[in-house]
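Multiple structures are listed underneath, in structure tokens.
You will see chain A twice below: alongside chain B first, and alongside chain C after that.
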Partner chain A sequence: MARCPFGTQRTRRFIPWASIAIPGAGWLMFGLYPSLATILYSFTRYSGLPGTPLNYCGMCNYHTAFTSLLPQLWSAVRVTLIYVVGVTVLQNAIGLGLALLLNRSGRSYTFYRALIFMPQIFSVTVVGAVFSLMLDPYSGPAEKVVHSLFGINSAFLGSSSLALLLVMMVNVWMFSGYSMLLYIAGLRNIPRSVYEAAAMDGAGRLRVFRHVTWPLLASATTVNVFLTTMATLGEYALVLVLTGGNFGTKTLGLYMFQAAFGSDSQLGYGSMLAMLQFVLTIVIGGGLLYVLRRREVAL
Partner chain B sequence: MTTFQMTKAPKAPEAPQATAPMLRRLVSGARTRAAGVNLLCFAIAAGLFALPLVYVLLQAFKTYTGFLQDPTGTPHPWTTESFSAAWQQGHFGREMVNSLIYAAVPDAITLVLGVFLAFPISRGYFKYSNGLYTFFIFSGFLPGGLIPLFIEARTLHLYNSLIGYLIMTSLSGAGFFFFVGYIKGIPREIDEAAALDGCGYIRFIFTIVMPQMKPALATFGIFGFVHGWNNLILPLVMLSDSALWPVTRGLYSFFGQYSQNWPLIAAGTFIVAAPIMVLFILLQRYLVEGVAGGASFGTQGVAPGASGAGGAETGGGA
Partner chain C sequence: MRSRTSVTLLAAAACLSLGLTGCSSSSSGGGGATTTLTVAEWTNPGAIQFTEQLDAKFEKAHPGVKVKIQQAPTSNGAWGTLWNSLLQSKSVDVLGLAAPTQAGFAPSYTSLKPAGAAALIQAGQLVDLKNEPFMKNYDATEQAAAVGHGGGVYGVMAAQYAAAGAIWYKKDLLAKYHLSVPTTFQEFVDDCAQLKKAGVTPIFVSGKDGMQGGVWQGVENQALMAGKPAADSVKVSDDRADAFWKGTQSWTDPVYQDASARYEQVMKYIEPNAAGVAQLTAPGVWAARANDYPFLLDGSWDGAVIQKANPGLKLGFFTMPGTDTASANRVSLRPDLTWMVPTSAKHRQLAMDWLSMFSQPENYQQWLKLTGSVSTQPAVQNTGLDWMDWLNGHMDGAFQQLANPWVPAGAPLDAAGPDFYKLKPIGGDSVDTILNRSATAYRKSVKG
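Right, the complex of A and B next:
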């Protein structure tokens, strides 16, 4: 424990506490407390109407979720898992491909990287509006292309078989620039001499990638896969804007949001769903870290 | 392969005259290849990532009838009337001011408070500084707190109020995580020297520590601003009065209201996107290379709810 050198003999003990008082209290009130209170509210039937009692009911929400409302819960979990796995795999594959292609010097490449990075700085509302127009079943360009190529009509975001895939693609479109940059940072950390040694041994492009680049990128891959998974697990704003959770796109996060802030305003039930989301995140995140770390060591 | 032949070529004594054209051919071959890769990268960047935005921007210059007649073509009579119509009907002027407040004020406050929170912990002035820091970080993995935050906001009369919204977003303590590590890099001797010279704590933070943290503050400030501007979920939950809405919330409703008038929606979309786009063009180097430069920065700065700061800032992400 270091001594604070500021202030007089009398004030120096209190200065550190004064320094953290306001931000610390703010964090307790608007950061930590809401997170912990989710646990408490998940055991209630609190409806959100002002003046109504908490209605503590034990495990009632959990019981309902796993009995009578199990189909809804299972569907939300299934959609979430498909969404997370699909986006993580696609976004990392595309991000890595882009990184290998765009990790070059020169002004034009700086410009291309910026263009690819750009979509994620926009609000989900903006991206949602852009792709609702692109994928509009009556007057969008995607409809025109699909119609002239295959002669079929599709409802796109209004189609139960396509909507989830399309939302995933929009998500990947939005964030693959971020994955690309993390992979480029990883590529730049690989010393040049390793490539020179590989070239001396006469290794071809594919073999260099397989035996040099890929293993040495392991830590970048860990960070990338973990971050994509965690961010996608909690995602629901984009889904809300694009489909409103209809047509088989209701993720667990959106289910929680709509249960709590939809017409029913079941804040207790929503809190329980937030808890399930938390458990899912911890299990998947923890498992993923374990696997990725072991892989890093093995490579 | 190229280098091998190029180094060997001048050594070949039998055909010294063949060297120059051979070399030229080799160089031009490499050049064509580089140009090909460049073209491919351009096609990807422009065709896949920029085209949807450009396409939608084009729609905004159509009249509604022009759009109905030829939805996918270029605007026939070019017009900017959709922009002025969207600006008025969407109340984007008022919402732009709201958005600016919601983005700038919490951003500035979190920045300052974050430094005040990070400094004593980083310097180890408390008995359990390290434990405290670890606890702060792990609290980001707790359940999302959006629902209790909503209940709390209503109890404390912060719901549906500009000041309330600012209080919640300013005090949730997001910026602090990256500052701790950064402050550790500032030598302690400076503290001792400043204190000996009679520099007060607050003055020390503002005039000595914060100027030393410029890169960290700039990066966090930019991402914090963009994040505040783009937030949709928190305004959706906390602000019911449309006079308080930021542009993102406004566009969300606007979009539902005029669902088939695409030129109008496209214009509204670009009005909302324009300030962020300008910011991006101005600070492109900071934003893009900032992520590439430090992955640890990016983990909390960019991906929404990635490490989940938990409370108001992430809107209950993870």
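Right, the complex of A and C next:
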């Protein structure tokens, strides 16, 4: 009988069970339990503090959100949708452009790829603090640059017309490197022979991109667009650090965070907002996946 | 193979036991048994420095006891997460939270449930300190207003600050332009006009974090409390909240129109890009520019930060006179750090001993000096700081800052008062638009 690398025959019988039980226990504890608790809390006026009563109130939070506080909810959803569309489009466009530019061999290209990917590994708080200082109208360098170039002053993150755009730009700066890597992986999967055939047919760079590269990047685009959309749908941390949700930047994620964990918070109301965000994510994510998959098949 | 399995199991058991001992609050290594008293507070450099000094004294007076400080900054929800976790794990003995005040306990007819410290008090999660001997050092009425409920007092309000209408000023700049600290609203506006005429931008403010709202709140507080004794502030807050709830008062009432008109007058003199200035950097930037911006709109808690940024600055403080009657321009004080003892505290008696030591006048005096707080002990005054002179001289008639009307969780910012981020000049909306929007937002919020 062959020797078993993981203990005796007897212990080996338990390995499949253990393989299921250990991650299963983790999922029950850190996945299912919090999800069920969120559903339960959404029907309460629970403060979220230990020892305080749940205050079950049925559909009260849902009723409040869709009646008296509907304008607040709608405003947060609207900002979230603008944020999602803006960041997804920009991040993918920049990520693809960088991928096309840096998909070459050589140490310098490896260095540039690493440099562009680097912001992804920084904590959101650090990035937020750095950009807050850079965009400070008195002590930050951005104001000096803008003033010397255009002769104007700006409050940057304190401007209702600029704040959301600036937060989106910081998000794009942080995560474009990630999109770039996914696109580079997609580009490297395209067979060289296809490009050779196109070259023999006399196709120029633009035509090659339009009729060869772009269609064959469909699966990478699906992954990139889907992941960016899902990540930005729940965005709150970067907005919190940069603007605190003021100046027209309060996303649904931040609205939920502040309702659940801000000053004078109520976890019950926050949990209800988390449930609404979950539904929004399912609807948008599901719809997007359906459209992108169909596009892949069509291409 | 069996031996490999056994070794793995032993290693796992060792890791587990090591982890568990790490969680314990008492240890018996090296120099004998020790008990760890855990004190938690948000990161405030002065308060932390004082707590470390007091802890060293406490450890000396209580051999075998070690005091551990748990702290996190208030920004980005870090402090909220920490104190909630400490309570969940029953591993905090003395907890510093913001005083809930009576506004935290909305009456039952509103169906609103308390949050934060008020929720803990109502659920019986905090120890009643009313009869503790050290409470005699504090003003009983003030403490009851800040952290009392149902006849009990569930904490020691150790710090309070001037927030509404609080203004720092540069003594040298005022002297240079032959100006004195104003006592009426008109005097203040005239000072600003004169400074502007001389080519100086009068006011610096962190508009990004809403500090401009203090002007409006200062005017509103002084107007609503005019002619009333300081002890009535809780009643004034409650009556106003009740009237708002019942619809007999609203944000479009004349008193708020007047406060808004005065706010507009003051805002004409702020730095144009104030909307982008963060509260974190504002005191330092203001202090560093010794020849510009004579006034800074900011709470009285930032004195140490300003002085550290520019030690040579001759610093003064006053609260903005919101009316044209000097006697009505009283100081309003916002309750701040309040020490509480959770019922789950493992070392309740030690926690009481720590609070008792904290409350001793010589220790409390040092606390006031390092935090810049206004004293909550009648027998002790904050005399260690230059800029406290004005506040110490204006404590007669000082009252607890009025609380906003009750609003449900998730309500928009507008519902609890004007949205200063949208109001001109920080935002683009006029006073009428803002007040009408607030009145509508409030009514909509409480309708559900």
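Worth a mention:
Following the convention adopted for this analysis, the second predicted complex is superposed on the first by the 272 of 299 C-alpha atoms of A that agree within 3 Å, B and C clash if a C-alpha of one lies under 4 Å from a C-alpha of the other, contacts with A are read in each partner's own complex, and residues count from 1 in each chain.
FYI, a contact is a pair of C-beta atoms (placed from the backbone, for glycine too) under 8 Å apart; a residue touches a chain by one contact, two chains touch by 3 or more.
Worth saying up front: this structure is predicted, and the values here are computed from it rather than measured.
Following the overlay on chain A, a clash is recorded for the pair chain B and chain C. Of the two partner chains, chain B and chain C are each touched by A:S139. When the two structures are aligned on the shared chain, A:V130 is found in touch with chain B, with no touch to chain C. In the superposition on chain A, A:Y56 makes contact with neither chain B nor chain C.
More residues of chain A lie in touch with B than with the remaining chain of the pair chain B and chain C.
Contact with chain C, but none with chain B, is seen for A:A155 once the two complexes are overlaid on the shared chain. Of the two partner chains placed by superposition, A:W74 touches none, neither chain B nor chain C. When the shared chain is aligned, no partner comes close enough to touch A:F14: not chain B, not chain C. Once chain A of one complex is fitted onto chain A of the other, the partner contacts of A:W214 are absent, as it touches neither chain B nor chain C.
Within the superposed three-chain model, A:Y290 lies out of touch with both chain B and chain C [touch as defined at top]. After overlaying the two complexes on the shared chain, residue contacts for A:R104 are found with chain B alone; chain C is out of touch. Chain B runs into chain C after superposition on chain A, and of the options 45-53, 81-89 or 297-305 the stretch responsible is 81-89. Overlap of the chain B and chain C interfaces on chain A comprises residues 3-4, 7, 48, 50, 125, 132-133, 136, 138-139, 237, 240-241, 257, 261, 270.
Taken in their complex, chain C has these residues touching chain A: 1-2, 4-5, 75-77, 80-81, 84, 87-88, 98, 104, 113-116, 119-120, 122-125, 207-210, 272-278, 280-281, 285, 343-344, 408-412, 421-422, 426-428, 441, 444-448. For chain B in complex with chain A, the residues that touch the partner chain are 37-38, 40-42, 44-46, 48-50, 52-53, 55-56, 59, 67-68, 71-72, 113-114, 116-117, 119-121, 123-127, 129, 136, 139, 141-152, 154, 167-168, 170-173, 176, 188, 191-192, 195-196, 199-201, 204-205, 226, 229-233, 236-237, 247-249, 251-252, 255, 260, 262, 265-266, 268-269, 272-273, 276, 279-280, 284, 287-288, 291-295, 298-299, 302-312, 314-318.
Per the touch definition, chain A reaches chain C in the complex via residues 3-4, 7-8, 11, 45, 47-53, 55, 60, 63-65, 67-69, 71-72, 75, 125, 132-133, 135-139, 143, 153-160, 237, 240-241, 243-244, 246-247, 255, 257, 259, 261-266, 268-270, 273. Listed in rising order, the residues of chain A touching chain B in the complex are 1-7, 15-16, 19-20, 22-27, 29-41, 46, 48, 50, 98, 101-102, 104, 106, 108-126, 128-134, 136, 138-141, 144, 173, 175, 177-178, 181-182, 184-185, 188, 220, 223, 227-228, 230-231, 233-237, 240-241, 256-257, 260-261, 267, 270-271, 274-275, 277-278, 281-282, 285.
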